[in-house]
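Some structures are shown below for you to check.
Look at the two complexes coming up: chain A is in both, with chain B in one and chain C in the other.
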Partner chain A sequence: MSNFSVGFRSSGAVQILDLQGELDAHTAAELEAAIQKCQKDNRVHILVNGANLMYISSAGLGVFMAYIEEVRESGGDIKIAALQPKVYNVFDLLGFPMLFDIVETEEGAVDKFSSPSAD
Partner chain B sequence: MASSTYTLTIPSSTRFLEDVREFVTMHATSAGFDEMEVEQLKMAVDEACTNVIEHAYAGQSEQPIDIAIILNRDKLTIRIRDKGQTFNQKTYQEPDLIKYAKTRKSGGFGVHIMRKLMDEVAYNNSGGYNECRMVKYRH
Partner chain C sequence: MPDTSLEKTTQSVTKRLLPARGSLILNGILVVSAWLATMGFHFQQWSAQQPASTTLFLLYAAVTTAGFGGWWFLLRQIQGFKDTSPARKLWTLLVGGSVLMIVAGTVTRFGRISAPGFDLGIGFDLDTGVALTFPTIVKMGIVSLAMVTFSFLLLQRLRSLILVKRSHSSERNWKLLIGLMIASSATTLFMQPGASQNDWQNVAMVIVAVFMVVNAFRLSWIVFLSFKEKLATLGLIFLLGLFILFSLGTGFENSFGMVPRGLEYLEFYFMPLATFTQQAAVFGMIYCVTSFLSLLFHLPTSGDYEQRAGERATMHTLAALVGQVFDADRLFATIAASPVEAGSADASWLVMPDPETGTLRQHVVAAQNLSPDQIELFMDCSELVDALSEDTDGFLIREAAADHRLNVRSSDGLGSLFVVPLVARDERIGALFASKSVVNGFERDDIETISIFAAQASVAIDNARLFEQQVEKERLSRELSIAREVQRKLLPQQAPNLRGTSMAASSVPAQEVGGDYYDFVKLDDDRYGVIIGDVSGKGTSAAFYMAEMQGIFQSVSRLASSPSEFLHHANLALAQSLDRNVFISAIYGILDLKKETFTIARAGHCPAATVRLGGESRLIRTPGLGLGLDRGDLFRKSLVEEHIDLAPGDVFVLYTDGVVESRDVSGEEYGYDRLLAIVDEYRHDDAEGIHAAVLRDLRRFLGAEDYDDDMTLVVLKWHGLPLEVLTGTECVLIESH
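For the complex of A and B:
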């Protein structure tokens, strides 16, 4: 039984992934599969909505790390939005804000995809 | 000095990480640690157990991992024991985030996180097992 799931939604050209539950070494493969599916479908403007993500360990962070360059090379990005403060703290601990676009709201992240120079 | 010890043994599979986090949350909360500290303890133990599963036991899923929480008046100690391969601290290097992304590396942050979250992290391998001991002091 896994307590983690990924939901797929779209907003124009942006592929939204709704993460729900706890992301650890056991469930990280599901996030990996979701990102791979986006790549396969050529949906590389990926917005990860973390509003219902309750926990993340380094195994989960590692998935973002493993795909960010590849996604950017194909002209897209992985933006992360709506993280709960306790989960954001973990991203911050490892310096992720330096490497990833972490946005407060989903709307803000969608806007950034449509006007990438506006940061 | 008076102390209380709580123990949990899990098989070396990532399926049980959830149980480990629940065990830590329960005891750290009832010991009076605040929500942020409980999150930190939970994550440090998750990372330590993940390392044992993935490195010490290298994917064998039925080996034992013994976890103990030792509560003292001034601190909480977590002791994790396994009988797998020994973690070599000498060859361990702190990860560089930018370099990691460039090389598409996805692991190797566990020990770094444990050291950031806990006041003390020490490894020992005498007595026929590997032991990781992590301490968090009460403020």
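For the complex of A and C:
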């Protein structure tokens, strides 16, 4: 049923979450669990790689909104990278680029974590 | 069981087949006239004072046989097939027999024929068998009738006992016995009263005796009696035995009895009848002896039989409960009581997790013969149930006082304990506890019985739960359909009719309720607001925010001078209540009929599509954050309004993502291009036509009737001049230019 998965990787201090499949109201809980796990492990430099994310619904976007404040308060950030154009469009329509660092490539996002001035 | 029902049907068939009254009367006439004829025969002999000729005697024999044969069937018909208890059968037989014997006995005491020094006996010529006086004939007739009647009644009553739990062989044995009795009686046809039997007759008697014994061991009816009934029947059987002995058994000279020399009268009346009656008496006494002994030996085991009966009755109750699941408390109480009612335990109780608190801790939900408080004092039921997990068959504590898990002293009246789990669909739903007041109180069949109850109870509880869930589901679906109705009323019932414009709108939630919203508002004489919104997520939570959005729109829109100002206020208002992961996208546009402008602002929503008369189409994608994404100043700063000077023929299409993100079977999205294309194609239609065309196209694309997402579509078209002065779209174009 669930055609969504979250893969965990890390690059230095940055925790990378590889999203795959479709993120909607049914699968949002998985991403929530993943972010909660990062918080628990105190790995709050979270980079969400959306290269394989095919679809996101408003409920999926809600997950990012739910945690960004907490993550930032604990000194970290959620950055989003490598989104498919169609998925980026959904982020863009809602104005997410105004709230999140949405970067074209994963490397670029990792770099942004290491240079705080870019935040 | 099927035996008795079959019997009942055959009985009712027989009853219907026999024209009861008519055949009774006919039979009665036959019997009475036969009896009178036999009396006439003896009267003729007496008046002639010599025996009748052989021919006449044979005729007499035939009439007598026919008459008493008829009497046998008449008696059977009169008694009917009433299914009464053995004790009642015996009792009525005793009463009936007593009446008959008292009549016979009284008759024999009147009109004694005796002369001083010369005893005439009972008044027959011993050589010829001819009556010496007239009263003798009458006495003989009455006594014989009474004795034969009693013997018939006796046999018929015994038959109904012997044929309890009948089989082919038992029926055959009974018929053989009666047949042999008749046959051996027939051999005495020419015997003189008082003569001894010849060898053939003795052999016949032995054969009859064998069948008497065979039939005398048909005693199945005894098993079904309770202890009390057995006791009562025992007494009655004893009395009946004595009664037979003193009535039919002793009717000869020099014996004492109820009917002095009654059998002698019968012998003079018709010898075969006397033989038959004697045989009936012998069989009656044999049967009394066997049933007396059998009753006596079965007395101690009747408790066991009663327990079986109790088990069966309890099983019936439980089985019936499987269908009656409306009252959980009653169900629990019945289950808890079942081991006690079946006689397999002295106290029993049902232990289950409390569904209301949601904890897994087991507690007593119903108990029989012990209060839940007492039980909790004695033991921790939850702990015992946990111990069951490895033991699916339940466990037995033979000596409660010696078990460390129980807080029981030997004086507490709880000697042994049996715990069996209730399992439904591989899930343990609770446990049935049963206790006996004595140590080692549970026998193997107790444990089996309780285990069967537990299995039955599991099914009943499971059924009850499924039923409850079903009811709950139906309740929810009713609630949701009410919610849907309420939500539908939050949306405009129809688009406003404004001069120079046409509008059409619709909204279809994917589930019963949804998070889509659209609305119109009149701001002043010339200005109208139109809004479309989409709450993130779906279903009930989205529906509540949609309702809040409606409230905010209806109250704030008139106070705001521009779309961005309204959206800013709405954002502030929503910030109080929106969850952090919930946001609302919206487009708000203000149509100014006087200035002929349309000003719109977009808060994260799908861009409005617009097509102009000439076919230029585009998406109006002004910057703007979704409502609730930022609760500070960023939202306000992000908003950018767009002012559009209206030209006749301008079409604006507002929609939610359900429209453009709808996917066909291959997973392809409907998308913006198809939307713009279909609007462009139908741009000459009014709003209604365009609206219908888009929905049609969408449905055709999807190939299915149900939608994944809430889907809302609002179409607005500027015609330019009041519609009422127009005759066609072309006129508008000419006039407005």
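Here, the second predicted complex is superposed on the first by the 117 of 119 C-alpha atoms of A that agree within 3 Å, B and C clash if a C-alpha of one lies under 4 Å from a C-alpha of the other, contacts with A are read in each partner's own complex, and residues count from 1 in each chain.
The rule we apply is simple: contacts are C-beta pairs under 8 Å (C-beta built on N, C-alpha and C of every residue); 3 or more make two chains touch, one makes a residue touch a chain.
Owing to the predicted nature of the structure, the values given are computational and were not obtained by experimental measurement.
Asker: Is the arrangement of chain B and chain C around the shared chain A a clash or a fit after superposition?
Answerer: On the superposed model, which is not a single observed complex, chain B and chain C clash.
Asker: Could you let me know whether more residues of chain A are touched by chain B or by chain C?
Answerer: B
Asker: Just chain B (first), just chain C (second), both, or neither: which does A:Gln39 touch?
Answerer: After superposing on A, A:Gln39 lies clear of both chain B and chain C.
Asker: Check whether A:Ser5 is in contact with chain B, with chain C, with both or with neither, and answer first, second, both or neither.
Answerer: In the superposed model, A:Ser5 contacts neither chain B nor chain C.
Asker: Once the structures are superposed on A, label A:Gln20 by its partner contacts, choosing first (chain B), second (chain C), both or neither.
Answerer: neither
Asker: Given the touch rule stated above, what does A:Gln84 touch, chain B (first), chain C (second), both, or neither?
Answerer: neither
Asker: In the overlay, answer first, second, both or neither for which of chain B and chain C A:Gly62 touches.
Answerer: After superposition on chain A, A:Gly62 lies in contact with both partners, chain B and chain C.
Asker: Between chain B (first) and chain C (second), which, if any, makes contact with A:Leu99: first, second, both or neither?
Answerer: Both partners, chain B and chain C.
Asker: Taking the stated contact definition, name every residue in chain A that is touched by chain B in one complex and by chain C in the other, in rising order.
Answerer: On chain A, the overlap between the chain B and chain C contacts is residues 25, 57-59, 61-63, 65-66, 69, 86, 90, 93-96, 98-99.
Asker: What residues of chain B sit close enough to touch chain A in their complex?
Answerer: Going by the criterion above, the answer is residues 13-15, 17-18, 21, 35-36, 39, 42-43, 46-47, 50, 53-54, 97-98, 100-102, 104-107, 109-110, 112-113, 116-117.
Asker: State the interface residues of chain C toward chain A in the complex, per the touch definition above.
Answerer: For chain C paired with chain A, touching residues are 534-538, 579-583, 585, 604-607, 621, 623-626, 629-630, 634, 638, 657, 669, 709.
Asker: Can you tell me which positions in chain A touch chain B when the two form their complex?
Answerer: Per the touch definition, chain A meets chain B at residues 3, 22, 24-26, 55, 57-59, 61-63, 65-70, 86, 89-90, 93-96, 98-99.
Asker: Which part of chain A faces chain C closely enough to touch in the complex?
Answerer: 25, 57-59, 61-63, 65-66, 69, 86, 90, 93-96, 98-99
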